[in-house]
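In what follows, chain A forms one complex with chain B and a second complex with chain C.
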Partner chain A sequence: MMALERWLIELLLHFVSRDEINAFLRSPQNTATIIGCLIAVSGALLGTFLLLRGMALTSDAISHTVLLGIVVAFLLMTDVFGMAGDTSSPWLILGASLAGVGTVVLTELLYRSGLLRQDAALGLAFPLLFAIAVILVSRFAEDVHLDEDAVLVGEIGLAWANTNSHCFDNCATVTISPDHPQAKMARQCRNCRELGISPRDEGAQFVEICSNCGSYSPAQAWQAGYLQKEPLLVFFPKSITVTLVMTALSLLFVIIFYKELKLTTFDAALAKALGFRPGVMNYALMILVSLVAVGAFDAVGSILVIAFFIIPPAAAYLLTDRLAIMLLLGPLIGAAGAFFGYDLARGKFFGIIEVADIIAGVNSIFGLDLPENWDSSISASMVLMIFIIFALAWVLSPRYGLISTLIRRANQRRRFNDQVVLAHIHNHQFTDRHATELRVKTLHIHFRWTVRKMARVLARLRALGFVALVDGFAELTERGETQVHAFRSAMLEAHNMPDIE
Partner chain B sequence: MNDRAPLALSVEDLTVAYHSKPAIWDIDLAVPEGVLMAIVGPNGAGKSTLIKAVLNLIPRAAGTVSFYGSPYEQARSLVGYVPQRGSVDWDFPTSVLDVVTMGLYGKLGWLRRPGRRERDLALFALEQVGLLDLVDRQISQLSGGQQQRTFLARALVQDAQIYFMDEPFAAVDAITERAIVNILHQLKERGKTVLVVHHDLQTVEDYFDWLTLLNVEIVASGPTAEVFTPENLKKTYGGTVSYLHDGQVLMAGD
Partner chain C sequence: MKLKSMSAEDKRVWLTIAAIVLLGICFLPIGQWLFGIRYTYTVRVVALGGSILGVISGTLGCFAVLRRESLMGDALSHAALPGIAVAFLLAGRDLGLLLIGAGIASWIALRFIAALLATTRLKQDAAMGIVLASWFAGGIALLAYIQSIPDASQAGLDQFIFGQAAAIIESDVLLISGVGAAVLLALALFWKEFKLVTFDGEFAGANGFQVGLINTLLSTLIVIAIVLGLQLAGVILMVGMLIAPGIAARQWTQKLNHMVILAAVFGAFAGGVGAVISAIDADIPTGPMIIVVAFSLVLASMALAPGRGLLWSSWRRRLDSRRFARQNALRDLYRYALSHGSPGTPVPDAFIRGIGDRSAALGLAQLLSSGLVETRGDSWQLTRSGIEAARRDAHSLRLWDLYRLHADDLGLPLLAEDRHLDIRDVLPAAAVGQLEAMTGQRPN
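== the complex of A and B ==
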């Protein structure tokens, strides 16, 4: 992780100065936006396949159960192996991905027992693991910052503050030992508490304690004032590294195994028959979902993760019917949602409208006194913004959108009405029932339509030049005749494809 | 059939159970090369189960299966499979050409991408099933018959020796049915072996020269002319079947 960050910073230093990097990353907005976008990109890439496999809820389950993996790994690290409790340690990530896979295995076992359906098995497995995790947190890890708020919506707004420092020049590490001139020594009574006496009492024994001994990284040493020259430092938020790695892994996975993912998702039986391993692909996908869920856990908590996985691909699905394009659009939509979501949390809607102005307007219209300053949860705002983009796609999508569907249906209805009338005239003109069937005044009765609807359809057909009115009777024109033949043969063709012999 | 023809498929003592209830029971089957074989039986007789177990898609409780004398793992490239149309999600965001190309993934193996050669092979197969006009169509916009022919084209590109088709005639239009029959006969002419799960007793004699009657156990298997008898059908369907034979209605049963 550290090496990767260093490499990244060195790369960046070719283009921008150290101060610019630090200033950029110290802004909560920049850091939160980068992390949000990375989660959205990796989530949408994997979520596309979850969505198409009908496993949308699995991402929700996994985002909850990774907590168990994190907690168990944390307890093992600190209590069993005596390591420092670092919440972005690779061990926690390993534990979390094991928990994610464990969820899927447990669900599968419950399902295979034949006693539960798939959804019920999932609904049973993940609350169980999550409950165990919550109990472990509250019982053993209270001092860790795994509080309910963090689990609920994450701390993406604070991600900028949790950094690794990287030193590029004047990188002196300082070790203060008790004989160091700057060591702060103090005498402390060794046995006072034991004997219940004060240090002034007789029999008190003293030890020399060094209060500032230890080794200092360049950043710490500079801050404590042990260095003459300021080291050249870059502070890199840990969450960016974690989410960046997750995104890179997801991207590599989808690019390298695109063909295999597509086949196992579309037709697992054929995939198996051809010698691909749908089971292996499924677990590989679940491991990656778990990894992304861990990265996302710190930033957006357990509950909102599913939105980053599922809503962007669902929106992309409305806009395209090609998998490759869906895999491009999904991450774009997610990233846009995360980007504008930060703005929304700070009171700006798509960077143009101030939410405060809206509230002020509502206040003045309804005489209310709602607080006008707007500062809300970043992760929740990002999800809301992703959803707004989804809603836009849902309404406006050229092919599957609400508006185009309504227009298409209206057109279909109109065309169908036209054809019904044309066919009726075609069937009855030049027959002996012509007088009863085709009189314009009574035509509507035959279709059980209202007079107004009949008049509307007839007017349209006359305007199109398909129908003429002769002595109060409807009659097909030559164009109308051709039209009837055209849609009749089209109808037949829809059932029968061109001959193949 | 020539007795010296090699066996395309040999199944011995195959049993499959779902939750300890046998779905197919002690199946012995010897299918010579180059036959068009129908697998016929009532609902729940285990017809699809038989195909899936033969192809290792579901676990076998017992038995051995060999293709030209080799187990499935070594004979994969000899085998083409057309699953039931309803087994996949036709809303999947992909095109007809793409689905047909999937039939070539097995030959490509892991990681290698389909290229121009694969595209040409897929287009050729689509031409054979009469879908050349629809190659770029999103698969959800196909009719049932067109979907079935897409699956058929996907099996054709596999260029297998022995094909398994799970109810290809289910709910398709007359044109598609004729297209499938044509392709079955082309396959037979090229010396391929085809096993088809079939439902329509009226067409068994016209379409297939080999027949297996199945109802959990094998009732009879062999040339259609020998197997397709009222007695065998009665044994298979338990006396509830009627079918058309040479324009007459025969009742196989009471």
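== the complex of A and C ==
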């Protein structure tokens, strides 16, 4: 991790100065946006395949269980092995992603027992594992950073403050020993407490202790004032590294196995027949989903992360039929949501509307007195923004959108009505039932339509020049006749039937 | 209920119910003795509330499970959160109003999922995931805003996320009971309709039932059940409380009315016992504890339920394999002996073990203990009764052969062919007679 960060910073230093990097990363907004975008990109890449495989809620199960993995690994690290608890440690990430894969296996086991259905198995497995995790957190991990809030929403807004420092020049590590000139020595009474005496009393024994001994990294040494020359330091948020690695892995996975993923997603049987292994691909995907969920845990918590998996690909799915374009659009949508989401948390909606104005409006309508400064959860706002983009895609998508679907259905209904009426006239024209069937005043009865609807359809057909009214009877015009033949033969052709006429 | 007129399954269901009720009652002194729980007023109220909620959610959860909509419960409970927050912002902290807000939010989520499914090509899981995450995010964003309001941060809305038993007071229990009674009454009134649309919606539609309306009503009742449970189980885990009792009950019975009653009892057990256990220590959140208890019930049911249960079926498999081993050993001995002279010919041990390995040993041991076979040095010899049994078995096998060939011509009843059973035990005597007649016509 450290080496990777160092390499990245060295790369960046070719283009910008150290101060610029530090200033940029020290802004909570920049760091949060970068992390949000990275999670969105990796989530959308993998989520595309989850969505297409009908496994969208598997990501829900995995992200819930990842919490259990993190808690158990965390407790093992701190309580059993005595290491420092650090949620971005590689061991923890590994353990937690194993737990994620474990859920998938557990669900399969429950399902394979044949005693319950797949949805029930999923709905049973992850609440249980999550419940155990919550009990563990509230029983044993109360004093650490793994509190319930962090579980829910993560701490993307504080990610800028949790950094690794990298030193590039004047890098002196300082070790203070008791004989160092800057060592702070103090005398402490060794046996005062147990004897219940004050240090002035007789019999008090003293030890010399050094209050600031130890080794200092360059950053710590500079802060404590042990260095004359300022070291050249760059502070790099740990979460960026983790999410960057996850994004790179997801991207590599999708690029390298694009063909295999595509085939196993759309036709698992064919893939198997051709010698690919759909099962292996499936588990590889699950492992990566777990990894991304763990990587995102710090930033967005274990529940909101599923939004990053499901919603952007769903929005992309409404916009395109091509897998490659979906894989481009999904990450873009997710990243855009993360970008605008930060503003939303700080009270700006796409930079146009101020949330404060909305609250003021609500206050005046309901006679309330709510404070107008909106300062909310960043990760939740990012999800909301992604959802808003999804909603826009749903309403506006040219092919699958709500508006175009409604228009298309209205057109179909209109065309159907037209054809029904035309066919009716065609069937009864020049027959002896002509007088009962085609009288305009009673025409609506034959279709069980209202008079108004009948009048509307007839008016349209007359305007199109398909139908003429003669002495109160409906008649096909020549154009109407051609129209009937055209759609009849088209329909028969579509059903592959011989023309009866 | 007359005991004599009950079927075996009926008896089993009532026995299970009695056992669970007994277990629940026994838990009270055990809890006191083992965990040092003191049944203070608060604990009693909480346990009562938990049990009542368990009854309501267990009952309605059955329908969610049977309709394969377990995960819908998850989506709808997550979706309740923004409703709670908005209700709080508009009207302050009043449980009834908060729950109404929660219900409205879930209900909108329900309709939104339906609209997505009706107008797009997204599948149900994706639609639920989208709504679950977005509604939950909306709730979290609003809660974060509420936290920033002075005075309001103490409102304790967080309890709706993980559930908190200690916050339940007597008036809450009254509210839950009242609404719950109304929900159960509605369920009883529309029992026939709900049963029909759950098992065969198309048939219901063809018979002129308003399937859409009934479905909406049932979903609305499920939403109410979810909303009532939020205070105790929390939005994230409510799905477990909803579906676990139903899944557990499903293992014991094939009848809907039994399943619903069992689920109610299981739910009451999980809710009550879970709430009591979480009273041991303020650090144990109630919702998760209830889920753990409910899941234990599911595991126990999956293992123990007669007929379907895992222990039961593995025991049956064991019995079967013992029976097969015995029968195969008998057949092998008889065949070898016949082909080497008479049925009484001794069969070398090496031969018989060479064929069946472990199962041969198992079979021979059984034959030996029931006196069908004797050891003769290094070989095995069928006794008189052994030869008799082997002949009967061989005859049955021949009848099976004839059955396979002529069942259609003779119009015999259709059976799954199982040559390990004596055909005379499974086929009516008249049919066996017809087959016997054919053996006479064509001696082997």
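Here are some notes:
In this section, the second predicted complex is superposed on the first by the 464 of 501 C-alpha atoms of A that agree within 3 Å, B and C clash if a C-alpha of one lies under 4 Å from a C-alpha of the other, contacts with A are read in each partner's own complex, and residues count from 1 in each chain.
Operating definition for what follows: contacts are C-beta pairs under 8 Å (C-beta built on N, C-alpha and C of every residue); 3 or more make two chains touch, one makes a residue touch a chain.
The structure displayed is predicted, hence computed values, not measured ones.
For the composite obtained by superposing both complexes on chain A, the positions of chain B and chain C are free of clash and fit together. In the superposed pair of complexes, A:405 makes contact with chain C only, with no contact to chain B. By the touch criterion stated above, A:2 is placed in contact with neither chain B nor chain C. Contact with chain B, but none with chain C, is seen for A:326 once the two complexes are overlaid on the shared chain.
By the touch criterion defined above, A:275 reaches chain B but does not reach chain C.
With both complexes placed on chain A, chain A has more residues touched by C than by the other of chain B and chain C. Centres of mass aside, this uses C-alpha centres: at chain A, the angle toward chain B and chain C in the superposed model is 60 degrees, to the nearest 10.
Applying the stated contact rule after C-alpha superposition, one finds that A:317 touches each of chain B and chain C. Of the two partner chains placed by the overlay, only chain B lies in contact with A:267; chain C stays clear of it. In the superposition on chain A, A:135 makes contact with chain C only, while chain B stays out of contact range.
Least inter-chain distance for chain B and chain C in the combined superposition, rounded to the nearest angstrom, is 5, based on C-alpha atoms. Once both structures are placed on chain A, chain A residues 54, 317 are touched by chain B and, in the other complex, by chain C.
Chain C contributes residues 65, 68-71, 73-74, 78, 89-90, 116, 119-123, 125-126, 128-130, 132-134, 136-138, 140-145, 148-150, 158, 161-162, 236-237, 239-240, 243-244, 247, 250-251, 281, 283-285, 287-289, 291-292, 295, 298, 302, 308-310 to its touches with chain A in the complex. Considering their complex, residues 51, 54-57, 59-60, 64, 113, 115-117, 119-120, 122-124, 127-128, 130-132, 134-135, 138-139, 142, 148, 152-153, 303-304, 306-307, 309-311, 314, 317-318, 345, 366, 368, 370-371, 373-377, 379-381, 383-384, 386-387, 390, 394, 400, 402, 405-406 of chain A touch chain C. Across the complex, chain B meets chain A through its residues 19, 52, 55-57, 73, 76, 79, 81, 83, 87-89, 92-95, 99, 102-103, 105-106, 108, 110-114, 129-131, 133, 138, 140, 143, 145-146, 154, 173-176, 178-179, 182. If you check the complex, the residues on chain A that touch chain B are 52, 54, 114, 256-260, 262-263, 265-267, 269-276, 317, 320-323, 325-326, 494-501.
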